[in-house]
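There are two complexes below, and they share chain A, which is joined by chain B in the first and by chain C in the second.
== the complex of A and B ==
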C-alpha cells in the first residue's frame, strides 16, 4: 500500500509537471497519436484484407494453366486440354473463358466470366454490385456491349451478385459461353486458360512439373501460389507503404531523438530543485518514467482506437483515394475485423517502449548531476 | 469527488481499456457473424472459378495479380513505365520470381 501511495504521489507530480507545459505536451500527444493511428490503420487494413483473401481464395482452382506467346497470355487450344488429361493423377481439365471489357460510357473495366451456371443462359448476365452502381442499372435492365466486330449486343441483367461479396464480385459480369465468344470473336474450342483438378493434393507440384515438360509454352499456377500472392499485397517492403512507414518512423525517430538529446532548461531546473529538496535519483527517474508512460499510453490507446474505428466502422475512408488509384469501379466493402494480437503488441513495443526509454535517459543524466550546478545553469 | 490528477489519469486508462475490451468483443462477434459470409465467398470463388479479389480494377496485372507476368506492368509499349497507382501497393507474386529462374 505504501508503495502504491508513493507511486500515485509521484504520478500526481508528473501529471502536474506535464500540465505546466501543456502546449508542448498536447502537441506531442497529437503527433504521437497520429503516428500510431496511421501505423495501426495500415496494419489493421492490410491484415484483414490478406486474411479474407486467403480464406475465400481457398475455393480457387487447384491449378490454372496459361499459354504464353511472345510474353503475353494467349488462347489455349482444345488440344492442350487433351494432353493434360493424359497426365497421371489429373482428375478433370476445364476450359475457362474470361476477359476484360472496357465500357467507354462509364470508363470502367469489367471482368467477364463464363461459368458452369451461366454457360447456357444466352442473352442474360449476372453482374456485380459495382457494375450495377457504375452503369446505373438494376435487375431486368439491359446493357449494350460493343463486340470486337463493331456490332452491339444487348444483354439483360438477370441478377446482381450480393453486395456483401463485392470484394470478389464487384466488377464481374457472368455471361453465357455463346455471348462471350460472339462478343470477343473467340473461336469454338479455344479458351482463355485451363483449370485442373488433381486426385492427390500432395502431387500438385509433380503435376505442375509435368505440365511444363509436356507443354513448354504453358505456365501452371498453383492455388498455393495464388494464396501467397496476397501475402505480397501491401507488402511493407515495397511501394507506397515503404514511403508511409519510413515517413512515420522518421517522424517518430526525430521526436524521440529531440526528447532524448535535450531536456529543456525548465525541466533541468525542476530536477535540480527536486534533488535539492531531498528526492532520490531513482525517484526522479520514476517521475520521468511516469511522464513518458502518460504521454505514450495516452497516444497509443487513442491512436489504436481511432484506427480501429477508421478501418472497421469508417470503411478506411482516409485511405480510399490511395486504394482507388485510377479505378473507376471500386468495390464498396466492409472488412471483417481480423485483428492480430501480435501486430498490436508489436505496435505497442515499437512506439511506447522507445519513447518511454527516450525520456528516462536524459532525466537520469540530469538527475546524477549535483543539484546546485543544475540550478545555476 | 475526484481530487487527484492521478485518479483522472487512471480513470482515463480504465475507460480506454473498457473501450478496447468492447472493440475486442466487436472483433469476436463480427468474426462469428462473418463465418457464413466467408463460406459463401469460398463457394462463390469455387463456382465462378475465380483467382483474385476485385480490389484494383484499373490495370490487368492489378486486377489479377496472381495471373500476371513479370513483364505485364511494362508491356503496353517499349519504354512504358509502370504508371498505375495501385501498382505501387502490390509486389510481384513470389511464384513469378521463382519461375523466372526455371
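== the complex of A and C ==
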C-alpha cells in the first residue's frame, strides 16, 4: 500500500513536471505521434492487404495456364484443355475469358470477366461499385462499349456488386461469353487462359512440370506464386515508403534525443532540490522514467489509434498512390482490420524503449550528484 | 545530539584547485536549542551544515547522530536520515517554480508513501500555522520574498523533523522579515526541535532566542558563545 501511494505521489509530481514544461513536451508528443502514425499506418496497411489478398486468393484456381507466343500472353486454343485433362491428378480444366477495357470517357481501365453466373446473360452486365461511381450509372442504366472492330455495343447494368467486396470487385464487369467475344473479337474455341483443379495439393509442382512438358508453349502459374508476388509487391512498397520516410524518422530521432537527453539548468536544479529534501537517486530516476513513459506511451497510443482509424476507417487516403499503385479507378474499400501483434510490439520497442532510456540516462547522471550542490547554486 | 569529531572537508582533493573548506572541526550540537554558526563568506558554514545534514561526507573525521556514526553509511541510509531527521531551509529557498506553494511543501514527503489526502491536510495545517493558507494554490513565482521563505519553512517541516537546518536564511530579507524568521524559529524550538542556522546576519546571531553561537573562520571553529 505504501509502495503504491509512493508511486502515485511520484507519478503525480512527474505529470505536474510535464505540464510545467508543456511547450517542449507538446512539441515532442506531436512529432513523436506523427512518426508512430506513419510507421504504424504502413505496417497495418501492408499487413492487412497481404492478409486480404491471401483470403481472396483462397477461392482462386490452384493452377492457371497461359499460352505464350514470342514471350507475350496469347489466346489458348480449346485443344490445350483436352491435353491437360490427360495429365494424371487433374480434376477439372476450364477455359476463362477476361481482359481489360479502357474507357476513354472516364480514363479508367475496367476488368471484364466471364463467370459461370454471367456466361449466358446476353445484353446485361454486373458491375463493381467503382465502375458505377466512375461511369455515373445505376442499376438498369446502360453503358455503351466500343468493340475492337469500332462498333458500339450497349449493355444494361443488371446489378452492382456490394461495397463489401469492393477490394476485388471495384473495377470489375461481369459479362456474357457472347458479348465478351463480340466486344474483343475473340473467336469461339479460344480462351484467355485455362484454370486447373488438382486432386492432391502436394502434387501441384509435379503437375506444373508436366504441363510445361506436354505444352511447351504455355506457362503454369501456381496460386502460391501469386501470393508470394503479392507479398513481395506490398513488402517492397511498404519498404519503399519507409526508405522515403527514413529522413523524417532520423530527424525525429535527433530531435527526440536532443530533447530527452539534455537537461536544462532548471531541470538539473530541480533534481538537486529533490535530492536535498530527501529523495533518493532511485526515486528521481523513477520520476524521470514516469515522465519519459508518459510522453512516449501517449505518443505511441495516439499514433497507433490514428493509424488504425486512417487505415481501416479512412481508407488510408494519405498513402493510396504509393501503396495501391496508380489508377483512375481506386476501389473505395474498407480493409478488414488485421493487426500483427509482432509488428506492434516491434514498433513499441523501437519507439517507447529508446526514448524512455534517453530520458533516464541524463537524469541518472544528474541524480548522482551530491545533494549539497543545491546549496551552492 | 549531533557530534562532529575532527571533521575535515577538502574539495577537489589531489587536483590543482584543491580547497579545504572545513579544517579539523569538532563540535557538539545540543538538542532543543538554537545554534548559530557565524562567520564571513568562505568560512565553511555551509559545508559544516551539509556535513551535519548528511548531504555530503567529510573527507576525514566522524559524524554521530544520537551516538550513531553516519559517516560510513551508504547513500540510501543517508537519504533516509536526511528525510526523517532534518528539514532544510536554503539560502535561495530553492522552491520549484511553476507549481503551487502547497505542492512545493509536499515534495519532501512524496517518497514516504503517505496517503495523498493526509499529506495535503498536513501541508495545509503548516500553511495555516505560518499564516499562508490563502496562498496555498498560488504559484511560487507569484509570492513575495517573505511568503516564499515561509513556504520554504513549511517544506522543511513537512516530514516533522527533529532538526531544522537553515543556511543564510535572511540573506535576501529585510530587517522586519529577518526578525519574523527568527521568531518562527523560536516557536519551532519551543515545539521541541533543534535549530541550526548558518548566518553572518547580526539580527540572527544577536537575537536573544539564540542560545549558542559558534564562530567559524577559514574552515575552523575559533570561538563559542553559550548563552543561557
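One rule holds for everything that comes next: the second predicted complex is superposed on the first by the 337 of 377 C-alpha atoms of A that agree within 3 Å, B and C clash if a C-alpha of one lies under 4 Å from a C-alpha of the other, contacts with A are read in each partner's own complex, and residues count from 1 in each chain.
Just so we're on the same page, a residue touches a chain if its C-beta (ideal position, glycine included) is under 8 Å from a C-beta of that chain, and two chains touch if they have at least 3 such contacts.
None of these values were measured; they are calculated from a predicted model.
Residue contacts after overlaying the shared chain place A:3 against chain C, while chain B stays out of touching range. Judged by the number of chain A residues each one touches, B leads among chain B and chain C. Residue contacts after overlaying the shared chain place A:16 against chain B and chain C alike.
In the superposed model, A:219 makes contact with chain B only, not with chain C.
By the touch criterion defined above, A:336 lies against chain B but remains apart from chain C after alignment on the C-alpha atoms of chain A.
Look at A:109: by the touch rule set out above, it reaches chain B but stays clear of chain C. Applying the stated contact rule after C-alpha superposition, one finds that A:370 touches chain C and leaves chain B untouched. Of the two partner chains placed by superposition, only chain B is touched by A:233; chain C is not. By the touch criterion defined above, A:246 lies against neither chain B nor chain C after alignment on the C-alpha atoms of chain A. Put simply, chain A uses residues 8, 12, 16 to touch chain B in one complex and chain C in the other.
Touching chain A in their complex are the following residues of chain B: 4-6, 8-9, 12-13, 16-17, 19-20, 23-24, 26-27, 30-31, 34, 37-38, 40-60, 62-63, 65-67, 69, 71, 75, 84-95, 99, 102.
Contact residues on chain A toward chain C in their complex (touch as defined above): 1-6, 8-10, 12-13, 16, 20, 266, 269-270, 272-281, 283, 370-372, 374-377. Interface residues of chain A, counted against chain B in their complex, comprise 8, 11-12, 15-16, 19, 49, 52-53, 55-61, 64, 66, 68, 71-73, 94, 96, 100, 108-109, 111, 113, 115-117, 128, 130, 161-162, 164-172, 174, 193, 195, 212, 219, 221-222, 225-226, 228-235, 237-241, 294, 297-298, 301-302, 304-305, 308, 312, 322-323, 325-331, 336-339.
The part of chain C that touches chain A in the complex is made up of residues 46-47, 49-50, 53, 55-56, 75-76, 79, 82-84, 88, 90-92, 94-99, 103, 107-116, 119, 155, 159, 167.
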